[in-house]
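Next, two complexes with subunit A in common: one pairs it with subunit B, the other with subunit C.
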Partner chain A sequence: MKRNRKLVMAALTLLLLPAAPFLFAGGQQEVEDEKNVIVYNSFLSDPDARVVDEALVEMYQDRNPHVTVVHSIVAHETYKDALPAYLRAENPPDVLTWMAGETMRFYAERDLLLDLTDLWADESWDEDYTEGFRELSSYEGVPYFVPTNYYWWAVYYQKSVFEEHGLEPPETWDEFLEVCETLKANGVTPFTIGTRGRWTAGGWFDILNMRVNGPEFHMSLMDGNESYNDPRVLDVFENYWRPLIDNGYFIDDAAAYSWSEAIPFMTSGEAAMFLMGDFIRDAYPAEYEDDLGFFQFPIIDPNIPVGIDAPTDGFMIPANTRNPELAKDFVAFMGSLEAQEYMAQELGRLGTHSKIDRSILTESQIQGIELVESADVVAQFYGRDTHDEMQDRGYDAFVEFWENTGDAQRILDRLEEDRVRIFQ
Partner chain B sequence: MKSQRLVNRSRRKETRTAFAFLLLPVTVYLIWIIGPMLYTFYLSLTEWDMFTSPTFVGLANFRRLAADPVFHRSLLNNLKWMVVFITVPIAAGLSLAMVLNRKVRGSTFFKASFFMPMVLSLVVAGLVWSWLYNPAHGLINTVLRGIGLPQLARGWLANASTVMESIIAVGVWRQVGYVMVFYLAGLQSVNKDLVDASRVDGAGSWKSFRHVVLPQLAPITTVVIVISIIDSLRVFALVAVMTDGGPHNASNVLANYIYLTGFQWYQMGYAAAIAVVLFLLAFVFIVFYLSRIAREEDHA
Partner chain C sequence: MPDYRSRRKVRKKIVSWIVFFTVLLVTTVWLTPILVALFTSVRDYDDIILRGFFALPEEVSFDSYFAAWRQGRMRQYLPNSFLITLPALGATLLLSSLSAYAISRFRFPGRRPIYYMFIFGMMLPLQILMIPVFGLSNAMGLYDTYIGLIAIHTAFFLGFNTFVLKNYMSTVPPQIFDSAHIDGCSELRIWWQIMLPLTLPAFAALATLLFTWIFNDYLWALILVRTGDKMPVTTGLASLQGEFVTDWTVIMAGSLVGTIPTLMVFVFLQRYFIEGLTLGANK
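Presenting the complex of A and B:
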């Protein structure tokens, strides 16, 4: 009997053991209750970006020794999945990184973000940020977001390969096709791409649709107000995208590679160009970087406005943060001219602050700014401009088209069914 | 009389102890398994984005399932997986067990080698095979080109026509050793006298295997088939690591589709409806199979 009771106790203790960490976690909770702690979660998980992010937190800490910033960096994809949980938590992180535009508005619309009108006024960001950035940060005219950096999409190419074959960056569609044909004839695949992550194909759809049908139509399509089986969309697929794929201007089996696995085809000389965002530099081997140039995607119809993808990242604060004043103070620092200049110098992204000293920027950054400023309309990116599920269906459709270029009509008809359901 | 009461008392005590031991696991089971399961059934009848409270929509989610091509493709892939899993690894695992059960030289080495893949985590196995399948530099295509068969080299994971089979092959590669171990254990309990007797009576090795050994392995076969059905219906990691369901859903499976719907598009109601279908599917197959086995045993 006595032995029995001992056994029961032992069993219970063993079973309860896994709960022990939670008991101790209570202690940590108390620290977080303190007024001088802010929790900052970020998705800057690439090696270079991580270093810069940590350095910025350190700079803020040095200036505010009474504040403790509890900083966690979460891998980009995981972060995206966890964000709803962060925002809805009773004790959420106080500051979160995120993307401007529709993806941010989704949460603002659900009352999950803190109204930052006073912060924008106090920091005189209303003047220091251009109207475009304010609009990207607002939902129904109210700012809920602080944009701090952006980058551009362009055609990246190897200068040495272009030189070898006597090529110049093309400016028109005809010149562009000629460049592709010359490369092909000389045994170089014009474009590398890895569509396993799918969004790289979205970059092609964005730019072709904006060039052929104009950015206004494109944004309207993103908002769910145009049909995917509209003849104008079919025109993009059939008459512009399809010949590029059918002519073999892309590497084979693109769906087998991630975007960064597609880079070696370029450095080995098998392929010459890559339509990509400027973060290509984060993964491009340093010894080849001097040879990497970029140019604006060629103009197809000179009569329509020029659009460009230039995604913007920044910060937001959950509506039920327990420390709104301190959270705003931290975001004020991250959005300051100083922090942005540091980020622009160390990471190569462009700052959103209009007073950034351009003399500190590299030649390529200046070229990037000019590219974005010369555009009539700045889009975010397919996945950021449209509904979350639409994005997923769209990406699948683009990759399916890639494999079955003769099926554009069927693929677009199905995409249209999805659009009607998703935006109903 | 008195002794009877003593026995009763000690039995009652035993029962009480048994309940004390059971209390915690049963509570845990109710809270973490039965509760969420019932809640999933309820959620499948709602629309819920995880931010606002769920709204009841009746069978709308199931109607949408009926017309959703991605769901059909995923379901078909799961069934394909199941058909392969209850045939190939079982036949191969049983054959290996029969061969390695004899005292041949190096049988321990071979047993260990065939079981090795099972020890690897699914994520590692998926990554390693992704490299083997790499169209430009992978081992498989390199070998095919090297032995003069370049026409067989292809983008294994990049084409809708080969991607599902390529992933299932990795699943089979892992499963064979696992099934083999089950049968090796089962073979230990096969009555050797019966086998010898059948040989004396003139049965060939195939006949004695078919009519003497195999019936004795029936309980193992039952377990292996049930495990194979469950394993093939809940596949997730290999697909998530190797293709994430791509290209364009050609290798999508229900578990991955549930994950996408629930945690990337925040459509918990719809995700729950898929989960319910997956649950019913597993339930129907296993109940059908087990009841058939039970009936056969009754007849015997």
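Presenting the complex of A and C:
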């Protein structure tokens, strides 16, 4: 009997042993968190962006040795799915990367973000950032976001191919069609594209709709205030987009390729142009990069304002962060002129700070800034400007249209049904 | 008669050639992904963009291995994997050997229901447990800690381990324990000094299997760990996928480095590993 009791005691101790760390670990960690630790989760998971992100964290750490930045880089797609959980958690990360505009306002509207009015004032960002960027960072006039970098969408082209056929970057729609026709006549497919990731087709819809119907109508459509089977949208599909596809101005079987798999068509000279964001440089083979130029998408109607897609990324702080002061301090560094100049130099994106020294920028960056500055309206991108679910339906529709150019009316009717349901 | 014999020889030879080629074919099919991974890891990104995945490397470079180690943070993920795998392995083996010992040696009321409970636990698919386990670890403050991950691995494999070890322990003749008992040996000492040494082969086999399973786990690590500095190799490598650009050379290099520990375990404990495959198959 006695031995049995001993046995039971021994067994219990053994069972509890592995559990012991549970009892102490929790408390200890909390104390540490309160003090000088900020948790920074980032979606900058591209190889080049990752290096810059880590270097910036290191720069901040060097200056603030008493602070520990727990930095995680999460795969971009995973991050998007995880963000609502980050923001709603009891113990959220203190600093988060995100996208400016509607996608950010969605969370600001739900009171999940920290009001950054004082940070904007303290850092004199109210003066150092243009009105446009302040607007992109605000919900109902209150800034909840700090933009730090952006890039532009444009028509990228192989300079040597244009030279070979005596072509100049086109400025009007007629010149544009002529360039396409000349290239085709010489056995070069005008455009390469890979629509397997769907969003590449969204770039085409954005720019055509903005050129034909104006950015104002486009943004209103993005906000769910116009209908997709409006004759103006149908006009874009039937009279502008459809002829380009039907005339064979795009490579065959576009849906078989991811966007980066569409690059070899350009380097090999089979295709000449690519409507893309400036991140194309990150993937473009180094030996061909000097041959890569870009121009503004041609003007279709000179009487309407010029719109451009220039997606902007930056930082925000969850409303229930445990460490708002330190989080703001970190974001203040990321939004500083110094951090932005570093990023602009290393990554080739554009900084949002208006005092950035242009002499440190490359020729193409300066051309990019001019491109964005010459636009009357800066849009973010289809997927960033409209509702999350609408984006999914829209991308599906664009890719379907690509394969069935005769079905524009039916596809748009269906999109309209989706819009009514999503935005009701 | 001699003619007959030589014909049989020829037939035997043909059969062995057929077997050889079949084995060769199957091996090639199995090794293709590994070869592609190997080739991809020594190519550079531009080469992949220009010529696609299925091409031989033009130039061999090991830069992506350095990149995986530094920028890919393998130097952090790899120790993390061990920090999770080893304690989980120790804890689950310790606990399940105790429970298996109790079930195999003592007859007490509820012995069978308890045993069946372990078996049923073994049959629960992991996916069903995902949300409850997440909720529980969040409520206990174990979310995003190593201990939370170690605890779930420990608990998750208890059923299988107990089942396997119980069957193995049942094959040990009970007279050994009885005589030890008569000599005044306590139960714990019998467990430690008699049962464990006798069941060591089963332990070794089980440990090799468990090591690979826990080391290669992706799902639990994905659900229970949020911060990058705590991630094991599996989820760490997954976080290298970019928004626009994913450098597959680095991911492949990282994956290959990540398989080395399991490969080592397999090479050195191969004998037990094969035993482990049939472990618990016969009582």
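Going forward, the second predicted complex is superposed on the first by the 391 of 424 C-alpha atoms of A that agree within 3 Å, B and C clash if a C-alpha of one lies under 4 Å from a C-alpha of the other, contacts with A are read in each partner's own complex, and residues count from 1 in each chain.
Definition applied: contacts are C-beta pairs under 8 Å (C-beta built on N, C-alpha and C of every residue); 3 or more make two chains touch, one makes a residue touch a chain.
This one's a predicted model, so the numbers in the text were calculated from it and none came from an experiment.
In the superposition on chain A, A:S260 contacts subunit C only, with no contact to subunit B.
In the superposed model, A:Q340 makes contact with neither subunit B nor subunit C.
Taking subunit B and subunit C in turn and counting the residues of subunit A each one touches, the greater count comes from C. Subunit A residues 11, 15 lie at the interface with subunit B in one structure and with subunit C in the other.
Residues of subunit A touching subunit C in their complex: 3, 6-7, 10-11, 14-15, 18, 21-22, 25-26, 29, 39, 41, 43-51, 54, 70-78, 82, 86, 90, 93, 259-261, 263-264, 267, 277, 279, 282-287.
Subunit C meets subunit A in the complex at residues 45-46, 49-52, 67, 71, 91, 94-95, 98, 138, 140-142, 145, 147, 151, 154, 186-188, 226-229, 231, 238-247, 250. Contacts from subunit B toward subunit A in the complex involve residues 13, 17, 20-21, 24, 49-52, 64, 69-70, 133-136, 154-160, 243-244, 246-249, 260, 263-267. Listing the residues of subunit A that touch subunit B in their complex gives 1, 4, 8, 11-12, 15, 80-81, 84, 88, 110, 112, 195-196, 198, 252-256, 265, 388-389, 392, 396-397, 399-400, 402-403, 414, 421.
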